[in-house]
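I have a structure here, written as structure tokens, and I will follow up with some questions on it.
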Amino acid sequence: MSVLNTRRALRWVGVLMILSLLLSACAPAAAPASAPAAGEEAAAAPSDELTRANTLVFAADMTDLITLDPAVVYEFGGTQTAGNIYETLVSFNPGEPELVPLLAESWEIVEDGDMWKMTFQLNPNATFASGNPVTAEDFVFSWERVIDINKSPAFLVTEVCGISKGNVTAVDATTLEVKIPIALSPQVCLSVLTFVTTAVVEKAAVEPNLGADFGESWLNDNSAGSGPYTLSSWNRSVDVVLDANPNYWGGAAPAMKRVIMQNMPEVANRQAAVETGDADIVQELGPEQAAALEGNPDVSLVKALNTILAYVSVNATMPPFDNPDARQALRYAINYDNIITLLGGNGELVQEIIPMGFAGHTGTNPFTQDLEQAKALFANAGVTEGAVIPFTVATATAPGGVDWATIAASIQADLAQIGINLEIQLLQQSELLTKYRAQELPMLLMNWSPDFPDPDGNGTPFANYEAQSLAWRNSWNDATAIDLSRRAAAELDPATRTALYGELVEYVQNNGPYAMLYQPTRVYAVRNDIQGFIYDPTDSPTISFWLISRQ
Amino acid sequence: MQATASAAPIPTRRVLSPNALMLRRFTKEKTAVFGLLVILLFALLAVFAPLLAPFDPLAQDIPNGLAPPSAEHWMGTDKLGRDIFSRMLYGARISLGAGLGVVIMAGLVGTLVGIVAGYVGGWLDEALMRVTDIFFAFPSLILAMAIAGALGPSLQNALIAVAVVTWPVYARLIRGQVLVLRDREFVLAARSVGASHGLILRRHLFPNTLSPLLVQASFEMGTVILAVAGLSFIGFGAQPPTPEWGVMISEGRNYITTHWWLTFFPAMAMLFAVAGFNLVGDGLRDVLDPRLRR
Amino acid sequence: MTTFIIRRLGGLVFVIFGVSLLTFFLAQLVPADPVAAALGSNARNEQVEAYRQQLGLDQPVVTQYAIYMGRMLQGDLGASIRTRRAVADDLRDYLPATIELTLAALFVTILIGIPLGILAALNRNTWIDGGARILALIGGAMPIFYVGLVLLGVFYRQLQWLPGPGRLDSTVQPPTNITGLYTVDALLTGNWLVFGNAVSHLILPAITLGLFSTAVLLRMTRSSMLEMLGQDYVRTAKAKGLAQRLVVGRHVFKNALPPILTIIGILFGSLLSGAVLTETIFNWPGIGRYATTSVTTLDYPAVMGVALVAAVIYPLVNTLVDIGYSVIDPRVRTH
């Protein structure tokens, strides 16, 4: 080859290099090396070497993850993460309904004038990951932070528990005193105190980093908890990496030195990840993926009932569903078997507003498809063949792993059989919620997940119009329902309380603006060398990573 | 880009030939004829879908969901037990209709803007071309997605979005064409004998932009079909239960390894339809505009 | 040359202004309340209202735009409604992933498109040519989201030859952040393990994303080569007895190059578009997926951020191509 040729070749290479260099030059400008907080953490990390064997890879759809601050988290991904880092006063043992001590050794509730006085004795051995003791002062700081920051879950503290600044005091280092209004139920409040919103953060660590957002952005990349794990890094929309807390006060350090919570929105990818062993545990599989994994020698399926309820609701002031007969007709028109078939084992028929697993759940499912009955009731309500009703549905996957649109199509076909034409309108969930909140939707398909593990977490929203939740959104202002839900929530005697909820369930079942459909099962696929995996929907966190080990 | 355009030699002979001659040349291109046949087949399927489809595309049979291809259901059934063959036929209606709709919308607007910009020239031309610059600066799918998302996800809004994204293509093409034609003898002659602007535009400029327009339109058909399906796939286009091909692939994405027929057939339908339009586009270009032969 | 660049930059400023105006206008069309979306289904009315005020969404539209533009000039793209972070921070996290994927796809495109195009042209009307043309036809007509799903199904799930979604195996820690491109950073830090892992994760998405542009480049190279091969000087050179290879190397390819380079610049834009779909399927944490989620949640400050970045990148790349062009062919500069 001649010199000339080489020169030409070089020039050609040069052009490509200029191109690629300039292209990659865009990147550093946009991505200055940010010093990850992981650096400090790494210094304090356990000396045990990290291996694949002591690393747990957990894959789930965590698209909703927007914060890791325990005072702000309210979505699955966030509560799951924060729940393994931060601890609350009391807790549930997986699968058991009784409250157990966590950071509080003991507690006492007494009437004090027009308030309930709740006194908690903190466990003197409890320490933060930093090694400092957990004090009552830290709790006061943490709860006042929740009230100041006032994000989505703050109402649990301020309204459900009725806690305000000044009502929480540190009597001494290990004694915390809380006063709540006598009208509220201390039992309900205690169940709120199991939720991660009320978890303690270390005052000494957070206070210097408060900034304008009360420390939220700092807590997104750092942790200051007393739990078995600490936050190593959060790579937005990719994964959250947790490291075992070597100083964990509550027992031996976790077997899994590192937990990688991977964001994997596509269900087919999650199936593949557990099949190949890329992930040890994957969350939420559809019926077909579960069926495909059935019989896989390396993987076990764990199915657990959620506390979510899926329902159709109608607006009780808009025709035709302002007429109770039309509402009852709707409940008789739906083919519930088809919906359960679609779910392929990922959901159980539940036709009441209290889910299985909660006190007050009655287990009665009075409705099966009866088109004659439905037709007659619709006729009573003046609804004739050819009626058109808009039916609003979210563009997302319903709990249980089937698209909302698929379930809606099935209901649409049911009503078509008696000449009623449901016009499906698909909206993004956000848009749907906006219109739902504005009381604008005649009929829609949705689900509800209780904010705290108590029947009141469903009773008030579904029945009490004045709580501005579901009953309000459906314009259902019913004095009987409101009264029942109030009395049930405030009742202290467990048996009477359960009976009151039973009464409420039956009343709403036949008069309310809802056709309750199903309670979904959450399907996990777990590699067979993983032990100690428990999913408990009423616990916070729902999965305790520190109980997990590998054979 | 502009550099190449101006560096390319300017054609000096008329590109339009008598129809018969064109047809003969077109039929010589075997691949183009094949493409045309494919398109015609899809067009027939689309038009006669109600007669050809063995099932109602929306009729459910939930217990018979996810059934593999059989004598009864040639392409199997989906989750709700709907017949995929019937849905694919109706999908042809939607995809071809969508393609046609968008190409006409965008083509009309783009041509109008292009003719005005090229003929009037000056600051108006400059302004209009800067506007097209803005549209070209966006990666088309991101802009289409933003528009469709803002308008609310529906097939109709997806079509509007794709039309908004694609009109500048025609505007630039036609403007270039008009710029070349504007100073040609027959236009100057017409102007010298006092022909009005309207007449010049109608008689002399517009007809001469038709052949590049036709070539562009047939390529755009394929692009638009893919774009609309892409929007539907990520949820910003046609909505379930509409039997649109992109929606069908999206609904079947979770079954890709367990129930392949849910996605395979709509994907193949799309491949053939789009390839058909591309082949015809190639053929048309070779016949109408040999200068651009590639 | 300098005036040429200045003019292009001036155009760029105008385009950015237009893009911001257009996206801002789009944001006003949104029928639903993005704030309600961000706060989730259990949030109550007062919370929604408070967040609206915090974001300044209760101000008149013109004021909002003025505030937005004022901040943008200081490099502040506002806060994302959904992630509650600065949009600029989000983009800094996600942009490198998209650039890496796009460059990898461009690499695939060039690696396959140009040689195959040349080969097809040199062996016109043989089976090689036929095969190349069929590949181009399929690549140009196949919906890439289906291609991605199939590739993942076959090579990851069934055969397990290549890794699945994501930029790295979950247990592999990303390299020290220098450019944000994992392959480049791994090379710079000499971390071969991470480099290999990052490359293996790039293969499937790069092929998926690059398929369409490969088809276009292949056709372009083939036709450009054919045109040159038909020119008189090539025939003369051949008649003089130069080996065919040398003819190709010396004359034809050089002359066929300008249109090929132009098309590469244009293809970059289509790659950015395709990244939206590819990133969704491959769980790729880039701006395409960020844009999709943002549009879904009506997070228009984030959408505007993505649009602005894309609107800067694309003309910038084309300007670079033009400059690269003038290196090859100095005549261009005079235009």
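Just so it is clear, A, B and C label the chains in written order, and each chain counts residues from 1 on its own.
In this text, a contact is a pair of C-beta atoms (placed from the backbone, for glycine too) under 8 Å apart; a residue touches a chain by one contact, two chains touch by 3 or more.
Remember, predicted model here, so these are calculated numbers, not experimental data.
Student: Considering A-B alongside A-C, which chain pair is linked by more C-beta pairs in contact?
Tutor: A-C
Student: Centre to centre, using CA atoms, which chain is the farthest one from chain C?
Tutor: Using the mean of the C-alpha atoms as each chain's centre, the farthest one from chain C is A.
Student: Using CA atom averages as chain centres, what separation in Å is found between chain B and chain C?
Tutor: That pair's centroid distance is 22 Å.
Student: When the centre of a chain is set as the mean of its C-alpha atoms, what distance in Å lies between chain A and chain C?
Tutor: 36
Student: If you average the Cα atoms of chain A and of chain B to get two centres, how far apart are those centres in Å?
Tutor: 44
Student: Which positions in chain A are in touch with at least two other chains?
Tutor: Residues 266, 268, 272, 427-428, 431 of chain A each touch two or more of the other chains.
Student: Which chain B residues reach two or more other chains?
Tutor: Residues 152, 235, 253, 256-257 of chain B each touch two or more of the other chains.
Student: Can you pull out the residues of chain C that are in contact with at least two other chains?
Tutor: 31-32, 149, 153, 157, 296, 298
Student: Once bound in the complex, which stretches of chain A touch chain B?
Tutor: 266-268, 272, 286, 288-289, 291-292, 338, 341-342, 395, 402-403, 405-406, 409-410, 413, 424, 426-428, 431
Student: Where on chain A does chain C make contact in their complex?
Tutor: Interface residues on chain A, with respect to chain C: 5, 8, 11-12, 14-15, 18-20, 22-24, 26-28, 30-34, 36, 52, 55, 57, 59, 63-64, 66-67, 74-75, 150-152, 155, 216-217, 235-239, 260, 262-266, 268-269, 271-273, 275-276, 278-279, 427-431, 433-435, 437, 446, 449, 451, 468-469.
Student: Would you tell me which residues of chain C are touching chain B in their complex?
Tutor: The touching residues are 11, 14-15, 18-19, 22-23, 26-27, 29-32, 137-138, 140-146, 149-150, 153, 157-158, 219-220, 222-224, 258-259, 262, 265-266, 269-270, 272-277, 280, 288, 291-292, 295-296, 298, 300, 303, 306-307, 310-311, 314-315, 318, 322, 325, 331-332, 335.
Student: Would you tell me which residues of chain B are touching chain C in their complex?
Tutor: On the chain B side, the touching residues are 1-4, 6-7, 130-131, 133-134, 136-143, 145-152, 222, 226, 229-230, 233-236, 245-246, 249, 253, 256-257, 263, 267, 270-275, 278-279, 293-294.
Student: Once bound in the complex, which stretches of chain B touch chain A?
Tutor: 58, 60, 62-63, 65-66, 79-80, 152-153, 235, 239-241, 251, 253-259
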